[in-house]
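Next come two complexes, and both contain subunit A; in the first it sits with subunit B, in the second with subunit C.
Up next, the complex of A and B:
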């Protein structure tokens, strides 16, 4: 009963701030609403018994991704059309399509009859690390994915630096202030 | 009244629908990125909600995969924002309708 009350409160906050993202005018307000969504989703993860994923959610999403997004929004705020009209004519077709999709999926979910298994694992830090770094040959092998994620993050960082930097040579360092 | 497993999925579905709506209907390019992030969050929530319906051994996988999804989302946001800066430098606009002439 108490879990349901907490879930309704946190889910209401999450859906409400997601609607704020949909309806806000300036992208900065949308980013702030997105932080509220991320934090309430982290609360739902803790409520479901995965506190480690909730903490990672707050650290990576609310801490890193939205911070980067807010930084770029503030840097590029001088655009002449930072207040473009919100919706165009395509939305007339997109909104009914999304509503139909959501209704069909909700019908399928409600008729599927899934229920919680009380023996489901509460993934703590210990259990996560034990599974993630299990290097036995008969283990799940998540450590290979982990190494792949490391390579992916490194290549994404290099790609971002290569794309966003205007010229890679370090000759004219005094012109750096003009770069966006 | 107890917390039922399908309520989690309904919440994830609502967030996913709102995220897709944001990504498809808004014209500012930052809202498109934010809609994609919102959809990724909804998929994570769905993963964990379904993982809780399985037995002990099987439910661990559904709670480790969201960690990888979060890392992929971080890489995607990093590259996406760098691309926005790059496009903004040549187009001087944040309206995605102005980005439709990217032909090399």
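Up next, the complex of A and C:
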């Protein structure tokens, strides 16, 4: 009962602030609303018995990624955008699509008859790590995905550094030419 | 609802609710830290520091409490000043921003264990109470996640002020937080690997059973300390509010208690961080070579020893007072009689407190003999022993934390400030790499030795 009340409150905040992200005209307000969404989603994860995912959600999304996002918005001096219309012809396709998707999801969830007992789903950090890094041949093999994602992120980072480096070196060349 | 209330004994509810008071400990650190900072700066720079305000008592005259009254009146002044917002600011965010860092310091200490888990018998029942408010597996991560949010206060303040200095300050704060959060996270991974848990009480238990974290992970300790100081944004890493460059950084446009909230947020953050350093690397509430069960079985003697430590500190303080009084008597200061009269009050209070504590210590040693019952082969004591042990452990933790608060102040007033690019170089090119190498070596050793 208590869990349901918490869930309704958190879900309301999450959906409301997610709507704010879409409807706000200023990018910074959008970013702040996104932070609120992330934090309330973290609360829902905690409620579902996986505090680890919730905390990582706050740390990674709210603490790092959206922080970077606000950094970029502030560097680019983002301002209120009142030229782009809120709705245009594309919305005619988007809204029905969203509604149909939501209806399909609701139908699927309701018909599958999921019963959720939060007290049964308490997942400790130890269990999470043991599942994730189970290197036995008959295990779930999540660690392979984990390593693969690590490699992917590393290559993305190297690519980003390379791209930034290229710009830097060309700028240096220009400077040198000016000095000469 | 009824089941929830009935799931715990009433004494368990009472202690659990009383534990919420610990949320305010980092905020109360401000009362100690601000006089310590300002008088400490004076001490390091060979001047008096702020100690001019006083209140008057009938016989003793002006009572200044070593500058505490001065700082308290400064705080009071901030409270009663008019809240002022410059023209053109974004009103909503301008008002909201100072609340964020302050709200964060009230939530973040929820996972800090203030004493070892209590087990005691109350009537027929055995009652277990954990040392932290939120007893969760993710412990330390929760603390870091919530403290990371405090940077939004600076960012929003910088943006909402609509001032170039503020905006630059906010930008720099973001950059600092992002770079040093990484170092912070990686530098503690070594100790987490050793302890095998995110729970702060288990980290302390590991240190209690083996060695202090500073001995096991000296490199990580220094990385962590530097990253911590950088994260609070104080000098020598005060690029976010560098006075020579940005007036006051993100809080340039703030005054009165709105500025006060930023200030309190920063100081409480220092409080939390010093508690965290003492927990992760200096054994937290544990006393070296004395385990919790030893304290419990000799609780009378332990409390007596604690009282004697206090008596010793008071005697040292009195010695200081007497020496300075002698010096004053010989000097030719115009106000020396007033100061001597003020000191006579401290001397009376000091001797009275010393005598009382001495008596309390002796009584505690002689008459506090705990009775216990054996449960699962372990001695379990009554509620008095549990509370006494918790009291000792809280004081031990706070003593370590206060020492680190002093380290913070010491560093701030000793080292020259870094330039912005130096700070970034230090963060990304030195500390991060050292921390990663330390983590890899630790992981190898842990794997080789085995669990």
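By definition in this document, the second predicted complex is superposed on the first by the 148 of 180 C-alpha atoms of A that agree within 3 Å, B and C clash if a C-alpha of one lies under 4 Å from a C-alpha of the other, contacts with A are read in each partner's own complex, and residues count from 1 in each chain.
In the analysis below, a residue touches a chain if its C-beta (ideal position, glycine included) is under 8 Å from a C-beta of that chain, and two chains touch if they have at least 3 such contacts.
The shown structure was predicted, so the numbers you read here are calculated from the model rather than taken from an experiment.
Asks: By the touch definition at the top of the document, which applies to A:125: first (subunit B), second (subunit C), both, or neither?
Replies: Touch partner of A:125: subunit C, not subunit B.
Asks: With the two structures laid over each other on chain A, which partner does A:30 touch: subunit B (first), subunit C (second), both, or neither?
Replies: In the superposed model, A:30 contacts subunit B only, not subunit C.
Asks: Given the touch rule stated above, what does A:151 touch, subunit B (first), subunit C (second), both, or neither?
Replies: So A:151 meets neither subunit B nor subunit C here.
Asks: Under the stated touch criterion, which partner chain does A:74 make contact with: subunit B (first), subunit C (second), both, or neither?
Replies: After superposition on chain A, A:74 lies in contact with subunit C alone.
Asks: Between subunit B (first) and subunit C (second), which does A:135 come into contact with in this model arrangement: first, second, both, or neither?
Replies: A:135 sits against neither subunit B nor subunit C.
Asks: Quick one: name whichever of subunit B and subunit C touches more residues of subunit A.
Replies: B
Asks: Taking the superposition as given, does A:62 touch the first partner, subunit B, the second, subunit C, both, or neither?
Replies: So A:62 only meets subunit C here.
Asks: Do subunit B and subunit C land on any of the same subunit A residues, and which?
Replies: 56, 64, 68, 75
Asks: Going by the contact rule at the top, pick out the subunit A residues touching subunit B in the complex.
Replies: Per the touch definition, subunit A meets subunit B at residues 1, 3-4, 7, 11, 14-15, 18-19, 21-22, 27, 30-31, 34, 37-38, 41, 44-45, 48-50, 53, 56-57, 60-61, 64-65, 68-69, 72-73, 75-76, 79-82, 84-88, 90-91, 94-95, 98-99, 101-102, 105-106, 109-110, 112, 114-117, 119-121, 123, 127-128, 131-132, 140, 142, 145, 149, 152-153, 156-157, 159-161, 163-164, 166, 180.
Asks: In their shared complex, at which residues does subunit A touch subunit C?
Replies: The contact residues of subunit A facing subunit C are 2, 28, 32, 35, 39, 42, 51-52, 54-56, 58-59, 62-64, 67-68, 70-71, 74-75, 124-126.
Asks: In their shared complex, at which residues does subunit C touch subunit A?
Replies: So the residues of subunit C in touch with subunit A come to 4, 136-138, 141-142, 144-146, 148-149, 151-152, 155-156, 158-159, 167, 170-171, 174-175, 177-178, 181, 197-198.
Asks: Under the definition above, what is the set of subunit B residues touching subunit A in their complex?
Replies: By the definition above, subunit B touches subunit A via 1-11, 13-15, 17-22, 24-28, 30-31, 33-35, 37-38, 41, 44-45, 48-56, 59-61, 63-64, 66-68, 70-79, 81-86, 88-89, 92-95, 97.
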